[in-house]
Each structure stands twice: as structure tokens, then as C-alpha cells.
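Alright, structures below, take your time with them.
Shared between the two complexes below is subunit A, which has subunit B as its partner in the first and subunit C in the second.
Moving on, here comes the complex of A and B:
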């Protein structure tokens, strides 16, 4: 019966003109998607193409005209610019170390929040809070707390007998590490993603495992982790991109210039400084943006490749 | 239904269109700093009355973005430092100046006009200047008057404040007296310092370097080879370092770590600033600091040493302006005597050569209670920054970042001045080789 109805509607549909078909099936689809498509072309596609065109020129922020220089900007970044290499290296260290920390912390906290503890709602809100607070404000607060001369943390360390407390963000040897520690508290969204995945795991799996005598440790590695592995992959991608693109915190901690001694100079900050500080090399900054895009793309593809090793699609 | 919709939408469209059109008034646009909001309304009104042109000022907008989006105002703010980078967006003012009965390039401090003139084209006219001075907190000096008299061998009637003939030794002696600390074991905790340390900006260090006879670039190198391994550079950097890092008999300024605390001239617990910025005068007054200025101390045995920095805000006309003639008429007022007097109300000193005479014409209540003669003496001895597009980048990324390592104790810090200066020289030279071959 079903088949007959479907066949009849197909016949009817084929008899309708294109216009009628469009009106009936696609009108609203096109209308709603066109807004997003226009937005994509205006605010993403056009700037991406424009940036590429810029990257092939020696345009500065204030120059009325510019010359085509081919791949010169790209070659200069890769072969000559030591600051390009330094900022890239620091961004990678920042993304990798803080990423690992965020991943582990968010998973651990999600596991804790998934258990039956009192005041669960309050804990969830508290752990999610750092994500809601803007990075600029977070940076400013931590700068106060970790001030080597007047900060609360060093005063506390002095009180417990540590006479030579760390210099935190004021020393070039510890400034990046300080930033990594601060950014590691930004686990809110990742924790929520893990929590959602954990809550989807049927309780029966654990009951059966317990009956068979599996320890909690074994349950985690044999049941929990394989089931939430797609979410681990999703979070790894998010964390990598977030870490590499990190700007606001580094801007506040490094006074917008990688202070002290370029130790907090992350790649996006260097790119920004190149374009908007003297000598305002917009074309070169655009080339750096493209190189950075390719690097992020490379890392994302690598993650996709590696995901085959740990993402379980079928538990059986 | 369609007719009703059209009937509603069309008038709405028309109203929107009409309301977006401004009444046609002859206006000139200018973009100013956020702190200038409202300060020059009187001057704008004066100009409107004189010419019939309204001045539409916007405040705190990023001029780079305005130019990048082709929305720049008719009158563009630049400075002696950035004019080289901005010159392509600015009109050559020579033809206007030739016709003008008011503006002559000789009206302004010549070193500033030289900085604003590139390849014989005048890209902007200077307004308010900044030059290096010795700033001091009179209250802190008064509080230590007796000790200062003893240390500087002053008669009871002589002033304890900094004098025009001070050398670095006097500066250091006074700085040591004005530094107050308590000790706990081998640690010293400073509650007050004799002088500030400038680590975010090259001003202070560069002045020491130039006053001691050194220079950043080697002469005749077209500003491409760094000259920081000279004995003068080593002496200047050693002095810069020791005033923050020296022993108890040499240290009178905060080191990099102490700078993160609450030590500051504005906070009232630092007695002197070597260099400083004239743009801060307004803040000092707003904070009710009892302050004054003196010419910079000079190295021992070099009383006529030059080396203080001079720069100026300047205004030019956009190459896209359709009202360049009127814009220049405004520049005549803005960079002329009317503008100078209006700016002086807010602590800005004009680049006009006769500014000291202009100030003398003001009634007493409008004059500033500071040693204004010191400003004009300082201008005579000051130098503009090297004309080099990458100078600020080099200073920021290669010089101050390395000098920072000399200014604290702990992991990663350095103490060998010669080694640090050699590193800077190598990095700067490599940078220019990379750029120009």
C-alpha cells in the first residue's frame, strides 16, 4: 500500500513544472539558506580571497597602492623572519601543553560531575564559569593575583615559608608557562561536551561489567572511553584550534606586544602587530595568516588521521 | 494583501532613505584622540565663524581602520614618528604653504619640520610637541630636603630641586637620597624610589645612549647597521642597568620585577622621571601631584651633551579629501597661534618657535606653574628619532626585549651588558640583511 502511495506521488511530482516543484519543495529551504550563504560569501569567502590577494603584495596599512610581489612574503616568513618561527613555536607549545591539560581536566571533571554527588548543579555552574568570563577579564584578574611583588599568590607562598616565589608572568622564562596555567581553566565547554556524552552511556553496560568483576579502572578504559571517543576527537579538534588561535589572554598578559622579552608572543599577536604596528605591513601579515591557516589545517588533518587509532565507531 | 504590504513598505523605505541623508552643510572631518573630546570645541566654533565651515570631530577612532576602509577624515592625525609610514595617504602641503600668508615652515621648530618633510614634500604640520625632560615630584624632594642639602652640599638658601647644571652624578646622588627602603635579612623592600625605569619604551635608554655620544645606527650605514657595541653604548647601558640593579650605593630605580608593583611617578612614590612624556602633564595635574620639570642631567664632563628626544603630533590632509583648500585653512588655525593657545590650556605645548612669547602674553591664571623655560631649553638640545621605517619594530622586538633580561635577577636573566648589546647588534643587523640584502 505504502509503495503505491509513494509511486503515485512521484508521478504527480514529475508532472509538476519546475516552478511548481520549486515553490512546493524548495522555496523556504532556499529562502532561509540564502541568508547564511550571503553571510558566508560576504564575511568569510570574500575576506579569505582578499587576504590571499593581499598576501601577494607589499601593501601597508597606509599605502594608497601596492606592488605584486608574488610569493616573496611567504618566502620571507619561512626563510628569514626569526620572529615568525619564534611566535609559531610558542603558539604550538601553548596549544599542545594547555590542550593536553584542558582535555584531561575537562574529562576528569565531567566524570566527577557525572557521579551522584550533592550540589551537582552548583558544581557544574562553578566549573563552567571561567568559560563565560571574557579572556581579557580573566587575564587582568590573574595578572593581579600572580603579581610577583604585590600579588596574593606570592604573598601566600611567602607566608608558608617560600622566600623565593616564582616571578610568574614577569620573567621571560615563566611567562608562557603562566599563560598555559591560566588558559587551562578554560575547560567549560569541553567538559559539557564530555558530560553530555557520559550521560548517554546506558547504565546496563556498567552493571554487566560489574557482575563480571571488572574494576572501575577497567570499566573506564573498556566502556567509557571507547563510547565517548568521538567526543574526545571532537574536543581535541576544538582544543587544538582554540589553542593555536589564542589571542586575548596573550594580549592582556603580554601588554599587546609579547612582553616580557617576546616570551608571550603567540603567532596571532605577532600577526596583529605586523599589520597594525609600525611599519604596518599588511601584505606580509596576510601571508602569515595564510601560512597559519595551512598549519592549522595540517594539524586538523593530522588529528583526523590519528582519530582512526582511537575513535571507536562500533563497540562490537 | 500584497498591495497593503507594498503600501506599508514603500513609505517606510522612503523615510529610511531620507533620514539617512544629512542636510548639506559644508563640513570638514577630523579624527582626534579620545582624551581630546570636547577640548577644542571652542576652536572649531571660532573656525566656523571665520570660514563658514563646520568641523565634525570624531574621537578615539583608529585612523588605520578609517584609511583602510577609505573612510578617513579630511584632516589626518600623524606624528613625526609615523609620518614616513603614512606619507602615501597624505597630500604634499607645499603648494598650500606657498600661497599661505599665515603658515611658513620656518614658524615651527626646525627639527620637527625636517622630520615631517620627506623628499622635499611637507606631509603635515606639527601641533603639540613632546620632548625629554627631567620630571620631579616636589613633595618628595621637600620631604627629604635636609638629606638632599647634606648630600648635594647645598646652602640653606639654595633650592633642593633638580638644577639645569645637574650631571648624572647629581641625579644619582639625589636619587639615592630619595629612595626609601626597609630591610629583612639581605632583602630590601623599597617603599619609594628616586627615579622611574622605562622598560616598555626605549625613550630613557636611548637618551642615555645619545647623551653619552653613542648612536643606534652606524653613521653612513643608511640606518642599516647597528652601532651598539661601541664603548658609549656599553657605558650608557651600564648606567641604565645599575640604577635599577646596582648595589645599595647605586640603585635608585625599580627593576623589572619591582615595576610590576605599585611604584610609579603618578602614584606619588617615585621622585623623578628621566625622559617622560609631555602628554602626561594633564594626568599629573588631575592627580594633584606637586610636580615640575627641569632640563635633563648630562653625563659627567659633557655639560652640552645632546640626546633628549623630540617628537610632535602633526596633522596633514588626506589625498582623497575633496575639501583640501578648506582643510588647509583649518590647519592654519589649528597649527597656528589660536590652536597653540587652546592646546596649552590642556597642557600641550605647540611646535611654534615663538610659543614661549605666546605663553608670556597669557594672563597669570592661564600660565602653567612649571618651569616652562626648561621645555624650550630642552627642545634646543633634543634630537628626532632616526628616519627608518622599521625603527619602532626593531626597538620593540629586538632591543627592549633583550635589555629587559638585564633588569631582573632570576632564571633567564643576564648580567653581561656587552654580551646583551652584541646579541642585539647581531639580531638587528641580521634583520636588515634579511630585508635589504
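Moving on, here comes the complex of A and C:
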């Protein structure tokens, strides 16, 4: 019976029976995706559940047993732990300030480069160059440049008459700002993204606008911005989340512990210290991870909401 | 067109031009300054590098600095580079094989609820690593695999956990010409043969992108090694700078940092990336920019 149906379906039918679908599609779908499905359960599903279970206990890595403590870890993080609040605050400042700076700089440079300048390729390469410094070496390179006594920047500041230049990363009052400045050097990557988008806008749009006598300013707000705004918003979300999750630079600048006096302690560093340094407080770190996840989720949803508001209005 | 413009308009355009180049050049200087100072510092002798901020080096010890760094007992370039490459190769191979299998499955076959499954996988991209790391670390320590053949640093890649790459491959496989696949089927090729002999080789551009991204990602990674590498013989390139930063650390808070050696170590660490960038600049910039890796 089955054989007959199958033979017939080869000729005409568009509707296949389950059995036929299985031999032609389902079987192979399972075969090809099974590894990804297993991976999902092993490396996403299980860890998320386990992190939640841990967050309700006082487990440490080497403790044989642990107690169920309910929401105590969450309460402690939110109410008592000043380090948690501080690291979160600093991560937010870091992400927002360096994010805004990177966004403005990269967008501005992309626009300038798109205005038919000479040596476009050379400029683009130069802006991209800081990216070739491996991120684990970035900290050392800028520590050298900004060193209060042997750094070139303070020497320059001395030369122009500033006798008391900042101590940059060595002082708790300026260390976070220094990290923001260093991180802002990453504008080159985003600039390449924006430039690529700008170059895809058809030339004719501007030619028509020019004929109608629209100023460059007006052209930017009426043509350029509406076209690239969805992409810009998408990158704003990426930049913010990257900033909140930033680890490497702070790890190097703060010697892995937020030096000097916790002024470079970003949340991922604090979590790393809590979970993976003595005494390996897995339970508490897990609770912090959940709180952090909720904050990132909140940010993403907020930005999606905002982008709907702005991006839609501009598209017409 | 240009000749029709009134005089003041061309003058205005000229000022704008000057302003444009001024800004472009300023930012170029800002972008080049760290690299310049890095190179300059690597030439200085220990005394000059650790006490003076000279813009042009008075001493020229580049060769000796390289010798010092390369001969330092803790600094074993080939071992560190080899370890990094070991992780890179295993991670990349695993990701390319397993993610392209999954991407092909999602692109080519029907399945009830396929869209929901794919969306669930995509949603994992929103989950920060912080939420996943603790149980995985716990497992690696308890199972004794923490520092065995760098397992924690590449094992997940063999389970198609990079959903972005699955997405990338799926998009690509969807553009494969259907008649080509049908023709192969007619000739009796099995689905796996079609995948390995036809689909996968055609997917080369996406594979090259993944290789580049994974090279930069693995090479730059500091979090993984900080978490899973402690034994000196397992050190990777990410460990190579701190050797010299802490060279004269005596326990007290003020110690000399030999910036010349640190700079040489940083320069050496840059070489592989520079070579890649020099030969594959366009592809490199497209890959990195197109997928939002952070610098």
C-alpha cells in the first residue's frame, strides 16, 4: 500500500503522508541537526537550569554539601553587597560612555569618508589598525602610552604647560575614565560597518536632492539617516551589550582584581573573582549572573522598543 | 554640473573639505599613536624605556630586546603559539563541521516545528556567557578535565554551539541551486554524500569567514585562558605579555616595568594578526565588521 502511494506521489502529489515526509525529510533533518540539538541541551539548557539551582544555594566549588538558602543570595546582592552595586554601576558607565563615544566617532568618520575623499582606502585601513593589537596586549600598550612617568601622553601634556597631568590608570579617580578612553579607540571596526552601509545608498538619491536644492544637512537627515538608522540601532544594541560584558581590558588594566581600589572593577570581573577565585562561591556568583542577565535583557528590550519608535517613523 | 554652482557655494565646499581632512587626519594620528609608541618603546634600552618618555629613542636596542625576550626561560614562543593554534584548529574544525551539518539540516529539510526549534537556538545568542560559565567550570573541575588537552576551550565547538555560524551556513545553503541537488539525488548520491561532496565545498566563502573570525577570537581570548590555564606548559599567546610586565615585581607596590620588553612581546604577539591582515585585508575587514566582533 505504502509503495503504491509513494510511487504515485512521485508523479503528482504535493501533499505527502507522514511516512513519506519522514523518509524524505524528517529522517534527514534529525540526522543533520541532532548534534546541534544535543549541544543546545548540554551547553545552554543544562547550564541555565543548573545556574538557577545553584543560585538558591550557598554552594562553593569544593564543598561536599550545600544548603538551600532560597532567595538569600539575590537579597544579599541587591541589598548588602556594595561591591556588586559598584561593579554594576561601573559597567554601566563604561558601556554607555564608551558606547556613545564609539558610536559618534565611527558614524562621523564614516560620513566624512563617504563624502568622496581622497585616500579613502588608506584612512579606512589606518582607523582599523588598532584592531590588529591583540586584546590581551591592548592593556599593556596603553599602559605604556599613558604611564604617568614614562608615558608619551603626559610628556606631551608637560610640554604644553600642564605641570600636573592626570595619573590615568594608576589613580582610582581616573582609572575608569582611562579605560573608557582606551576602549573608545575601537571606533575603527564600527566605522567600517557604517561606511559599508553608507556606500550602499544609491548615488541618485543625492543627485535628485542636489537638483532640488536640498542642503547637505537636509540630505543627511532626510536621506542618509532614515536609510541607515535600523542598522545604527542594531549596532547600538551590540555596542551596549559588548560594553556591559567587557572583560579583557578591565582584567588587564586592573590586574584581574579591579586595581586601583576597585575603580576598574566591572561586573564580569567581580563575577569572575567570586566564582573562580578562592573560595569559589558558585552559589552567590550564579545569583549575580541571573541578575546580570535580567539587566542585559531589560536593556535589549528597551532598545528594541526605542528602535521601533524611531526607526519606523523614519522609514517611509 | 559643478560649473553651474555659484561662487560662494564652491567656497563653502572648500571650507568643508579642509575641515573634513583636518578631522580625518586628527583621528588618523590618534589611531596611529599607540602603534607608533609601541614600536618606539621596543627599540629603547631598559633604562630609557622604564624612566623616560622620549618620542624618538636615544638608544637602539631592538635586536637585543628581541633576543632578551625570546631567550627568557618563561617565554617559549613556539610552545605558546603552538598551544594557541591547537585550540584554534580544534575549535574551528569542530564548528565548521557541526554547524554546517546543522545549517544544512535547517536549510534543506522539512520538519514539524522547525521554525520554533530554529528560533529557540537563535535565542541562545541573547544569553550572556556569564549565565553559562559557572556550571561548565564546575563540571570541568569535578571531572578532572579542566587542564587536559585544553578540553574546556574547544569541546563546546564540536556540539554546534555557535548559533551565529549555524545561521550563517543556513543562509548560504538556502541559496544553493535546487536542480543541482536534485541531479545528484537522481544519480543515486546519498544525502550525506551530497552534503560533503557538493554543498560543503561550495560553502567556501562562509568557511573562510569563520576561519578568520575564529582565528582572531581564539588568539585574542583572555577569558578562557584566565579560567582554564594555570600550568606553565599550557600557556598560550595571551599569557605572553604578563611575563614581562611582572618581570621585576618584588612584592612592593612600586616596581619597574620594563616597557621595552613588554613592547617587544606585544609586537611578537601582533605578527600573526598583521600577516593575516596584510594578505587578506579586504576579507578580514568584511568578516570582522560584518559580524560585530569587538576590537
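Methods note: the second predicted complex is superposed on the first by the 271 of 316 C-alpha atoms of A that agree within 3 Å, B and C clash if a C-alpha of one lies under 4 Å from a C-alpha of the other, contacts with A are read in each partner's own complex, and residues count from 1 in each chain.
Rule of thumb we're sticking to: contacts are C-beta pairs under 8 Å (C-beta built on N, C-alpha and C of every residue); 3 or more make two chains touch, one makes a residue touch a chain.
Because the structure is a prediction, the values reported are computed rather than measured.
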Clash-or-fit label for the pair subunit B, subunit C on subunit A: clash
Who does A:303 touch here: subunit B (first), subunit C (second), both, or neither? neither
Quick check for you: in the superposed arrangement, does A:58 touch first (subunit B), second (subunit C), both or neither? neither
Based on the superposed arrangement, let me know which partner A:114 touches: subunit B (first), subunit C (second), both, or neither? neither
If we overlay the two complexes on their shared chain A, which of subunit B and subunit C does A:219 touch? Say first, second, both or neither. neither
Taking the superposition as given, does A:81 touch the first partner, subunit B, the second, subunit C, both, or neither? first
Quick check for you: in the superposed arrangement, does A:185 touch first (subunit B), second (subunit C), both or neither? second
With the two structures laid over each other on chain A, which partner does A:292 touch: subunit B (first), subunit C (second), both, or neither? second
Look at the residues of subunit A and decide whether subunit B or subunit C touches more of them. C
Quick one: classify A:150 as touching subunit B (first), subunit C (second), both or neither. both
Shared subunit A surface residues [contacts with subunit B and with subunit C]: 61, 147, 149-150, 276, 282
Can you list the subunit B residues touching subunit A in their complex? 64, 67-68, 81-82, 85-89, 200, 256-258, 260-262, 319, 389-393, 396-397, 401-402, 404-405, 408, 410-413, 427, 430-431, 434
How about subunit A: which of its residues touch subunit C in the complex? 21, 25-26, 28-33, 35-40, 42-44, 46-48, 50-51, 54, 61, 105, 108-109, 112-113, 115, 117, 123-137, 140-145, 147, 149-152, 154-155, 185-190, 192-193, 196, 216, 235, 238, 241-242, 245-248, 251-252, 256, 268, 271-272, 275-276, 282, 285-286, 289-290, 292-293, 296-297, 300
List the residues on subunit C that touch subunit A in their complex, please. 16, 20-21, 23-24, 27-28, 30-35, 37-38, 41, 49-53, 55, 98-99, 101-102, 104-106, 108-112, 114, 117, 120-121, 124, 126-138, 141, 156, 158-161, 166, 191-192, 195, 219-220, 222-223, 226-227, 237-238, 241, 245, 257, 259, 262-263, 265-266, 269-270, 273-274, 277, 281, 285-286, 288-290, 292-295
Residue numbers of subunit A touching subunit B in their complex, please. 60-65, 76, 80-83, 147-150, 167, 170-174, 255, 257-262, 276-280, 282
